[in-house]
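The two complexes that follow have subunit A in common; it is paired with subunit B in the first and with subunit C in the second.
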Partner chain A sequence: MGAIEQAAGLVFQWDVLVTIFFAAVFGMFVGAIPGLTATMAIALLVPVTFFMDPIPAVGAMVTCAAMAIFAGDIPGTLLRIPGTPASAAYTDEAYAMTRKGEAEKALGANLLYSALGGLVGTAVLIFAAPHLAEVALKFSSTEYFWMAMLGLTCAAFISSGSPVKGLVSLLIGLSVATIGLNNPAGQPRFTFGHTEMMGGIDFIAAMIGLFAVSEILRNAAGGARNLPVPQVPIGNPLRGWGTMLRTYWRQQIRGNVVGVGVGALPGAGADLAAWIAYAVSRRFSKNKEKYGTGHVEGIVEATSANNAAVGSAWVPALVFGIPGDTITAIVIGVLFVKGLNPGPTLFIFNPQNIYAIFLIFILANLIMIPLGYLAIRAGRQLLRVPRRIIMPVILAFCMVGAFATNNAVFNIGIMLAFGILGFFMEDNGIPVAPCILGIVLGGMVEQHFITTMIRSDGELLAFFGRPIAAGLGVVTLLIWITPMIMWLRRRGSPTPAPQGAGPEGA
Partner chain B sequence: MRTGSKLETTVRPQGKTRRGWLMASAAAIVIGAVGMSGAAQAYPDRPLTLIVPWGAGGGTDATARIVASLLEGELGQPVNVVNRTGGSGVVGHSAIADAEPDGYTIGLATVEINMMHWQGLTDLTWEDYTPLALVNEDPAAVHVRADSEWEDLNDMLEAIRANPGQHRASGTGQGGIWHLAIAGLLSELDMDPTSVPWVPSQGAAPGLQDLVAGGVDIVPSSIPEARSLLDAGRVKSLAVMSSDRNAAFPDVPTTEEIVGVAWNIGAWRAIVGPQGLPEEAVETLTAALEAVYNSDEYAEFMSGQGFGMRWAVGDDLVSFMGESNENLGDVMREVGLAE
Partner chain C sequence: MRLNDALLGLLLFGVAAALYLGSRDFRPIPGQQIGAGAFPTVLATGFALCGVILVISGLRSRLPAIVWTDWTREPDGIRNVVVIIALVIFYIAFSRQLGFMLTMAPIILIMLRLFDVGWLLSLTIAVIAVLGMQYLFGRFLLVPLPWGLLAPIRWW
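And now, the complex of A and B:
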């Protein structure tokens, strides 16, 4: 095909490759700093790309985004500060591995499955974009409502302790999500007349508080002892990866599928994909009891999902110009400026450009492996620093991150408040991860519930009125009802019946 | 050494001026630009901050960033874009108004400044700012699904008259600019503004997605917001709510051409400063912004994005903002959205 050769000609030029390399380093740097998100990295690139040719401009953004999402795993694993919200689902798990001395194994898994997930997302983008986009376009608020409900349901599965405590944590998060003006009626709620409160609780600041500050407080309370276990060096990464690939290929594929599916939905994105994938992984695992204790299985699946989602988020963006997430929203603007107007015409009239973009996706995920490996080797040194020295430094970084999310000192206050909240929650055995899920999804659930009700004049059956919505709704309800039926049946008869609770109920 | 030691900067998160130092250092890394080019200049002699009340990724953010990067060339000082989001724009607009009026913090005000005070969300009005320059305006347009049976605006209005409450619209939050656009049009035509129920959304993009998915029937957003779906043949524009047709979409008629009633409403963006900017700063900034607006780069960017160009400074801008405020207040009272 002539277009593919033309595309290769566009990409394999030294200025394009150098741009991609620097964008990768920049993305790695920004993603690794807690609080600085992939979105922010891309936004900072906008004025720079304005002075570039179209292909290097898009290449810089694509590479930077992929790299930043992976790099977010580094501080999450080493210091329990998720670098980006997409890492939050498995931050606890990865940090538990660090405490067992397996930081490099966790990060190695993150790196490998991030790159592979990105490549799968790209493959889907190349081969299925138009078809997948058609499905994604059929999603209206009814379907999104059920997607968000499915996400919330994950809270019951991700918390390793008692489901009741997981639920308590989720409800705390959902309550926090009601604060502010950002609700369907546009009415200020729980703002106490405070302008900053109108913006609601920034969930990145809350996330840093719940994870990192609570950990710092625990260290302060416990005398800041160093990690008792020495870190196991990663050794030959290729050998370790080979074993992992053989053991966890099912988890990888499932994670990729979840990531691609959720990522292609405009507005859902990598964050939700990681949560759902982690919950699915735990639900189907033979080693459920190991989850939350530093077990790599869930990390494999979740990190496969979030990077696959980064790729598939481009499906609606390139086919219809509808942003799949905030990153693609920025890039769509740049595409327009560069004359690469997203839409079917891009595929028909300028195939060499679209193939060039695909090639860059592939390059970005390949370059991730050597750069990521170097970053992991460098990051390991952090763990050698005595805890009583590193903890105050982490606190400083947390403040930077919280401030940078919205350039507001107010967010540092939010972070500290949630740090104290997180400390007391974990002190009482209440996990913090479901709380973050509640903050992330609370607004989405409410928005889509109210929207659907307005559209149907208050008819509750509308939630099952469209085929995809009905399917998602039935699955969600089955997940809720199945454990209850099982429980009742166990109470009713001494020997549980073997049937029921088929795979569709999972 | 603005990009210097990470650690040193982090332990003092609130530097002496609370400017977006972090953005500054990160941006400087990317651009490789180390400021301080002009030697002994009176104003500006240090970097400026441009506050944007909306998130990274939107059209407002993109506009601010291109203005900032071009302004940088004019002023010889870095201009750091700082997003202060939340509260439907209240947080960011308050941050601009509350900034030190020294000429080093300016902001991008949007049409919402003339709406939120009518809703009782804030006491801030456009009069709390020093207007510097209007840089853009995008009129509302009426979008429907491409396979809709409505051929023109009259068909749509007939359908609404025949079945009030049956056809729903979306594209902003409750009481947002596009909500006012459609409600105002209906009330201008002596129809009940609530006969098209409003489905609140997080912006035009999700509203348009919902339109294509069949969730709503009408999205009264600006044309650039709907552009890729227009190109993809998924939606069609029935009319644009301005006095002239859009140069990039000359086939879309104005509302006046179809229904004979002039109804002009749109979203605009203006660079402003806090009240009481020094005279020197106003003069320097206005001149620099004029050069930015007239640059090829700006025109290229705006036409690339499909954004409308509109320019006003000084008294023109003051009367523009005042009129916009009164008009929007009228609509909001008629629709019952004002307090």
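And now, the complex of A and C:
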């Protein structure tokens, strides 16, 4: 068990702990400001982590993500504006509680079950990941190809309202990944003679553009007005924890299970987990009629799910290098930069690093309770932070961050291009998340695709030649075919199919 | 600005054609049938298929060609977006000559003014933010932010 002691030695150093603390405060702050998402918090953190050692760098991102997902509940509850997409599922419910004067109960439930959910997700990560890593060792390029395809498919088809638009977003990401020399044939592609593009599109600059700059543009387009500050008193959020724990333990466990399951799927993350958990909770509740009127039950289950998903999303990320959501997609990019290439070998050659990451997960969820308590008490002041002043400073940070990835002004151009692209995509109901997964996984998909094709002399059946590969392949193809079948069935029925925007068009 | 699905589909046809034409000349890996062109061709096919679906659904929906989304009707929505894009381009063009601080300070100042923050406050924030970032990133995190015109008075 030398590795665990080594891991503790890596984590319990003052610089690591201070980094984690500041990342937690930063995540809490960004998550609590409406319009700034958890992914944006991570994107802004990346340039800073370049200059850290691997463990504090990853620790900062883990902590920041956990805090930001929780803090997103604060503006959701007080203003009905979800701070992050992961809290959108139960925003209406929480706001209804605020109007009934129960804001502190809703926020207290969010805090408690976020921390507990995070710990459950971490436990699953700790126990499942090493075992899966052993399985992953037997994988060949075919299995990796299908794993990556499954992740991309989930991201495109399940996580977005309109499958076609999800697919378009994914194709954009995959196309971006083809730019540069980094392909099996080693040929420069789509570089237009620019030497800067030989190495490919810098993924961090692209991501800062897609997630941060596009949000700044959106805020600016809306005039970056300040929000009305709610005039509700916020009492002690710790009150009622005992009763809730006793009353809603079933909901908590079910939420954790749903969250862990959804999070562990490659390509699906905390947002989806919260929606499913809320729906499940309502379906099985004895008090269905109370849902939507400010009833804490659904909040308990959904918030248990989204934070559990944050932890378990790391399982496919660490074991296969396939991100479960946008946050892990970014972290995978950083892991590569730090030389901690995700994959089963990480568990064999550097187990102390893995254990250190696990330890940080536990720390992050423990530190969440005191920090979250303070954030709830200061909730109204946090909402009063003027967005008009924050936005320009964030844009400046984005530009410096994009520049810092490889000290080239060219990357600021990339950031801007992707910022405009992201803004345009959102306006047209095209989700952004599949695009970023496409950029991260594009190289991997192509490499395993070409390798398998070459090994089999162009025989497509080789993709189903091994049992695990065949299983993964069939599941992936089923997900592809389902929307078509549903479309055909809709055509067959006499009632006209609903047209126009999907649910994401809000 | 929300394009009708049919227009969006046409746009995707364009992307598909560009991808296909751009990858036609890639040579295969020596001794193999496939190479650098295979994957982009698959992607081009995907774009074209999505294009077909979107054109069909767009034509059936009978929505206008372009729906002007909420922000375009905001009093300053379009102005704000255009100015911010221009400011980033300004930084790309001039940061090397003028230096980080002399380019970024006006950018922050103009953006704050765009959002109707008062002159004095805007000026204060711009100066403090720029000095702080030059110190944090330039000195502490060792990002080589250009000094430009201020190089003669560089204080570290």
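One rule holds for everything that comes next: the second predicted complex is superposed on the first by the 269 of 506 C-alpha atoms of A that agree within 3 Å, B and C clash if a C-alpha of one lies under 4 Å from a C-alpha of the other, contacts with A are read in each partner's own complex, and residues count from 1 in each chain.
Note that a contact is a pair of C-beta atoms (placed from the backbone, for glycine too) under 8 Å apart; a residue touches a chain by one contact, two chains touch by 3 or more.
All of these numbers come straight from a predicted model, not from anything done at the bench.
Contacts of A:Ala309 after superposition on the shared chain: neither subunit B nor subunit C is touched.
Judged by the touch definition given at the top, the superposed model places A:Leu416 against subunit C, while subunit B stays out of reach. When both complexes are overlaid on chain A, the residue A:Phe190 reaches subunit C alone and has no touch with subunit B. Touch criterion met: A:Ala221 reaches subunit C, while subunit B stays clear of it. Of the two partner chains placed by superposition, subunit B and subunit C are both touched by A:Val48. Of the two partner chains placed by superposition, A:Leu150 touches none, neither subunit B nor subunit C.
Within the superposed three-chain model, A:Val262 lies out of touch with both subunit B and subunit C [touch as defined at top]. In the superposition on chain A, A:Ile322 makes contact with subunit B only, while subunit C stays out of contact range.
When the two complexes are overlaid on their common chain A, residue A:Ala404 makes contact with subunit B and with subunit C alike. When both complexes are aligned on chain A by C-alpha atoms, subunit A residues 47-48, 50, 184-186, 393, 396-397, 399-400, 403-404, 407, 409, 412, 450, 454 touch subunit B in the first and subunit C in the second. Remark: subunit C residues 1-3, 8, 12, 15, 19, 22-23, 26-29, 32-36, 38-40, 43, 46-47, 50, 53-54, 57, 60-61, 63, 69-72, 74-78, 80-81, 84-85, 87-89, 91-92, 95-96, 100, 104, 107-108, 111-112, 114-117, 121, 125, 129-130, 133, 137, 141-145 touch subunit A in the complex. Across the complex, subunit B is touched by residues 26, 29-30, 36, 39-40, 42-48, 50, 137-142, 180-182, 184-186, 188, 195-196, 198-200, 202, 266-267, 319-323, 326-327, 329-330, 332-333, 336-339, 341-345, 393, 396-397, 399-400, 403-404, 406-409, 412, 447, 450-451, 454-455 of subunit A. Of all the residues in subunit A, the ones that touch subunit C in their complex are 47-48, 50-51, 164, 167-168, 171, 174-175, 178, 183-187, 189-190, 213, 216-218, 220-224, 388-389, 391-393, 395-397, 399-400, 403-404, 407, 409, 412-413, 415-416, 419-420, 423-424, 427-429, 445-446, 449-450, 453-454, 458, 499-500. On the subunit B side of its complex with subunit A, the touching residues are 7, 10-11, 13-14, 18, 20, 22-23, 26-27, 29-31, 55-59, 61-62, 65-66, 68-69, 81-88, 90-91, 94, 119, 121-122, 168, 170, 173-175, 197-202, 205-206, 208-210, 212-216, 227-229, 231-234, 297, 300-301, 304-306.
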